[in-house]
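Before I ask anything, let me first share the structure, which is written out below as structure tokens.
Just so it is clear, A, B, C and D label the chains in written order, and each chain counts residues from 1 on its own.
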Amino acid sequence: MTQRVITADGLAKLVTEWAKKGAVYAPVKAGSKDWTEFRRVTSLKETDFSRVNTKQSAKGLLFPQREVMLRFKDGKSEEPAAPEEQVILGIRPCDAAAIAFQAKFFTGQGQTDPYFKARLDRTTFIGFACNTPAETCFCTAVGGSPSGTRGLDLLLTDIGGKYLAEPVTDKGAALIADMPDPAIGDLERKLAEKCAEQMPQAIDTAALKRRLDSGFEHPVWDELNLACVNCGACTFLCPTCHCFDVTDEERKGRGARIRVWDSCQFCIYSQHASGHNPRQTARSRYRNRVMDKFKYTVDMVGELSCVGCGRCIIECPAGIDVRETVEVLTRQLPEAAEKK
Amino acid sequence: MSREEALRKRARELLESKQVVMVVGHRAASTKGKAQPAFIAKPEDAESLIFDETCGQNLAGHLLKVKHLGKIAVVTKGCDSRSILVLLKEKQLDRAQLHILGVGCEGVKEDGKLSDSCITCEYPNPIVCDEMLGEPAPGDRLQTLNPKPQTGELTSDERWRELSEDVSRCIRCYACRQVCPNCYCPVCFVDASQPALVGKTTELSDNMVFHIMRALHMAGRCVECGSCARACPMGIDLMKFNRKAAQIVKERFNVVAGVKEDDAPALTVFDPNDKQEFIR
Amino acid sequence: MPGNPYLPLDVRVEKVTVENDAKDLKTFDLSFVDASARTAFEFIPGQFGFLSIIGTGEAPFGIASAPSEEFIKYTVKRVGGFTTALHELEPGTVIGMRGPWGNSYPLDLMQGKDVVIVSGGFSFTTLRSTIVHLLDPKRRPQFGKITCVYGARSAGELLYKDEIKAWESSSDIDLHLCVDKLGSDPWPRTEGLVPNVLKQVAPSSKNAIALVCGPPIMIRFTHPVLEALGFRPDDVFLSLENRMKCGIGKCGHCNLGSKYVCKDGPVFSYSQLRGLPAEY
Amino acid sequence: MSTAEPHPQEAGSQEPEPKIVAFLCNWCSYAGADLAGISRIQYPASIRVIRVPCSGRVDPFHILKALQSGADGVLVSGCHPGDCHYLTGNYVARRRFAVLNDLLEFAGIDPGRVSFSWVSAAEGERFAEVVREVTEKVKALGPNRKLVKEPAS
């Protein structure tokens, strides 16, 4: 599909136009805080693309932390209204890949999750390629790229006051159909490649997976989990984590069945009504998270559920670095299948 | 000898002589400016111990995870020692099974900035320890920087709005609770499910109830180490609540958590003459 | 949203039966408010459904009725908030149900073979479904000998007393009832734990499939007995339960490694389970 | 957290009384309320009584939960200091309530939303007075909008 160049003014006009038709979400500086977060905007002026990544990923725009599944009044229940059309502007390739993973998980695997699907169908993803990685970025190590297009409709690369626009889907191409079509220099394309060069080398995730396949009972987990405090920061900030809890809330005959994010790091997560808990120990919960990222989802949907955004590294209150965890596991777990 | 050098040397000795089975301390995390709790069981690993301005995690809580192993040595700043005292009083730790390695603390930094709790800290040196490593920190160093927590002359509505802004950012990851050395309930009130007590949503009402209740549960027990505020991924100053609770306890009951070895946690006891001006 | 799998269908409570002396086990017979939905609700013994009470919540339970029966039957123990609300329902109340979810017992594999059914406590529900299904005169000739060992703490805790009494005298099924401790009641006559009784009954493993459902402790002691009787791991099937919220493999809660109990189970062969973490 | 439906306390409503959840100790204030009733002492029908074995049984969480569930005010009433049926229940409770009281004020919950009193079994008139006072205070504050949770939004 034809690449085009959009000037800053051109993009500003587009944003204003989109905002008239539906919701536009883009990174915005979070008040006095030193970070950006996705917020609804009506003009390009409000946005701030200066950070590599937003504090929280864009996953909440498709899978909100609190979502109404059913609303009820006087014993009658009804489904919530369909979500509105939305454009997510400035999503980084890692986060877009994460949503693509979630889409595979939520819409495949037998049943389709209608709430996620409804939002997905009404969302346009306009990505921003990364020109400079953060210290904690490692998308290239887990199969991504700072200019990756997975999950996107359109990818923008900042080429100094102008944006190189690369359509990924027809929907994306249509967005910029009216833009001029100047020749693209190779030089400009190389920006993103240069970014990729600064990133860590690929992890042999297939080898790690083979090790994890037989490494469930390995003593390495006893040491790895010690520093972990079993909070849910990593899982809630992770763009691929998808677990949820369902609860009913009711007052005076009115209420809703809602779902809220849940975390496998919480003790209560796996506890049976009888009180029996299959993952009673902190060690087993930590192991479950790592296993899920690098093995379980590979078995389930054929891919890792880590996109290398680095949020868990930045925010871990115990200073745990998943890259280090992976390195330790690869080093210590034997590759040959061992008998339990 | 710097505190860090003294620490490594002593840790190695203690492990080599088998006086302790483990030294709990800090090691450098992979990202700049962060440390990670370290659980050192082999003498040769003592070299990875660090002690500097990045070592903000309160290690007292981590002791609960490893106390079953045997006698543990623990690197202890002023705040860690206060938490240990609270845990000892609450019968969560056995003093005989602890070897407390005291270190003077010049304050810990977060993103290069002195942590708020360290600005107001009055106890940079351990209250209780078996030995001091290196020089104690100057006790009066922080007095000059001591801006008391601002309460201001705000109206109820203004205070509600200000706290609401903070609290509405909460994503209920419970990092604050999990890093807290003195939060160790097997089932936290927010996790209670039969029946469920606190709503699991991030609505303001649920978030506010969670944070007020947590402050209440910490009243008379919180040692103001600031771990919760530093742990919060959403940058909520959780110490606003805890500092207030500590201030209430001090003003009303004249108790400061974890600074005396022989007093009881403020809310487990009473004085028949406690002020009751708020009761009709 | 068309085909929303989270949307419960309206069902009416037709009958509530108290099953045990402790009165904490009740069986609910449910009919669909929209009668055509009953035909659409096709299930196989071993599957489960979610019962839903608006404003209270929902929870998964194994279906206790056989596909041929008119009403959908669930037997529920009162443990938490939801099940307490369920226990308070009067006949005629309309509640919600969604499902059927999960796989089932391996009926195809059981064709032409002996079937050994082992169950303890109130987990007998989906096995009742299975037995009623197998004993259908049209279907009974398709299977070999059917042996069942079913036990509970006391006679009063055995489910479906009228039915199992009838089965005891039936030639279609060799039923062995046992209780942990004999009471004054002359029925049942056998005292002993399920695994021990199974050992005495010693059903042949030749051309046979074993179905097991019970509390974790029973499962643990039953398997060695089956193994000693010559059952291969491929021929032993266990029905598991884990905490779950969605029933369709999305919420994440019920995973055993890479498998979800809700979607890939709840019935797993022992050989499958050997390759999975024992997190159930 | 805005309430969608009209609040009983709002203008034009038929029911002008606010809703106040009252946690009353079985041994004193509950009996005090009884005495007020038996003595035909008038007081506003604003309170919804929950009988507790001791004011020490009242967890601050109960108070917050009442506000979350739509109460406009909460009253906790127990035995006078020294008179606790369990000797010291109210003393320990008093410390908890003191911290809660000050923390709620700090959080911007209007003082007067949550009240505490000591009322003995013999003080029927005093009980009525306390309820009148608490009701007036809560009325003056208007409906509870801060902690209330609207589940269907």
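We take it that a residue touches a chain if its C-beta (ideal position, glycine included) is under 8 Å from a C-beta of that chain, and two chains touch if they have at least 3 such contacts.
Worth saying up front: this structure is predicted, and the values here are computed from it rather than measured.
K.L.:
Using C-alpha centres only, name the chain that sits farthest from chain A.
P.N.:
When every chain centre is compared against chain A, the largest gap points to D.
K.L.:
Can you tell me which chain is nearest the middle of the complex, judged by mean CA position?
P.N.:
It is chain A that sits nearest the middle.
K.L.:
Which chain pair shares more contacting C-beta pairs: A-B, or A-D?
P.N.:
Pair with more contacting C-beta pairs, A-B versus A-D: A-B.
K.L.:
Using Cα averages as centroids, what's the distance between chain A and chain D in whole Å?
P.N.:
Computed value for the inter-centroid distance: 46 Å.
K.L.:
Nearest whole angstrom, what separates the Cα centre of chain A from the Cα centre of chain B?
P.N.:
Using C-alpha averages as centres, the distance is 32 Å.
K.L.:
What is the distance, in whole Å, between the centres of chain B and chain D, each centre taken as the mean of its C-alpha atoms?
P.N.:
So the centre of chain B lies 35 Å away from the centre of chain D.
K.L.:
Could you say which residues in chain B touch two or more other chains, in rising order?
P.N.:
Correct list: 193-194, 196, 199, 203.
K.L.:
Name the residues of chain D that each touch 2 or more other chains.
P.N.:
Residues 149 of chain D touch two or more partner chains.
K.L.:
Pull out every residue in chain C that's touching 2 or more other chains.
P.N.:
Within chain C, the residues that touch at least two other chains are 79-80.
K.L.:
Please list, in label order, each pair of chains that touches.
P.N.:
Pairwise, the chains that meet the contact rule are A-B, A-C, A-D, B-C, B-D.
K.L.:
Note which residues of chain D are touching chain B in the complex, please.
P.N.:
Going by the criterion above, the answer is residues 1, 60-61, 64-65, 68, 81-82, 88, 91-92, 94-111, 115-118, 130, 133-134, 146-149.
K.L.:
Which residues, counting only chain B, touch chain A once they are in their complex?
P.N.:
Chain B residues touching chain A: 29-32, 34-39, 57, 61-62, 65-66, 111, 171-175, 177-179, 186-187, 191, 193-194, 196, 199-203, 227, 230-231, 233-235.
K.L.:
Provide the residue numbers of chain C that touch chain A in the complex, in ascending order.
P.N.:
1-8, 54-59, 79-80, 83, 94, 96, 216, 241-243, 245-246, 248-253, 255, 257-258, 263, 277-280
K.L.:
Enumerate the contact residues on chain C facing chain B in the complex.
P.N.:
It is residues 79-81 of chain C that touch chain B.
K.L.:
Given the complex with chain D, which residues does chain B contribute to the contact?
P.N.:
Residues 151, 154, 156-164, 189, 197-199, 203-206, 208-209, 212-213, 215-216, 219-220, 241, 244-245, 248-249, 252-253, 266-270, 272, 274-276, 278-280.
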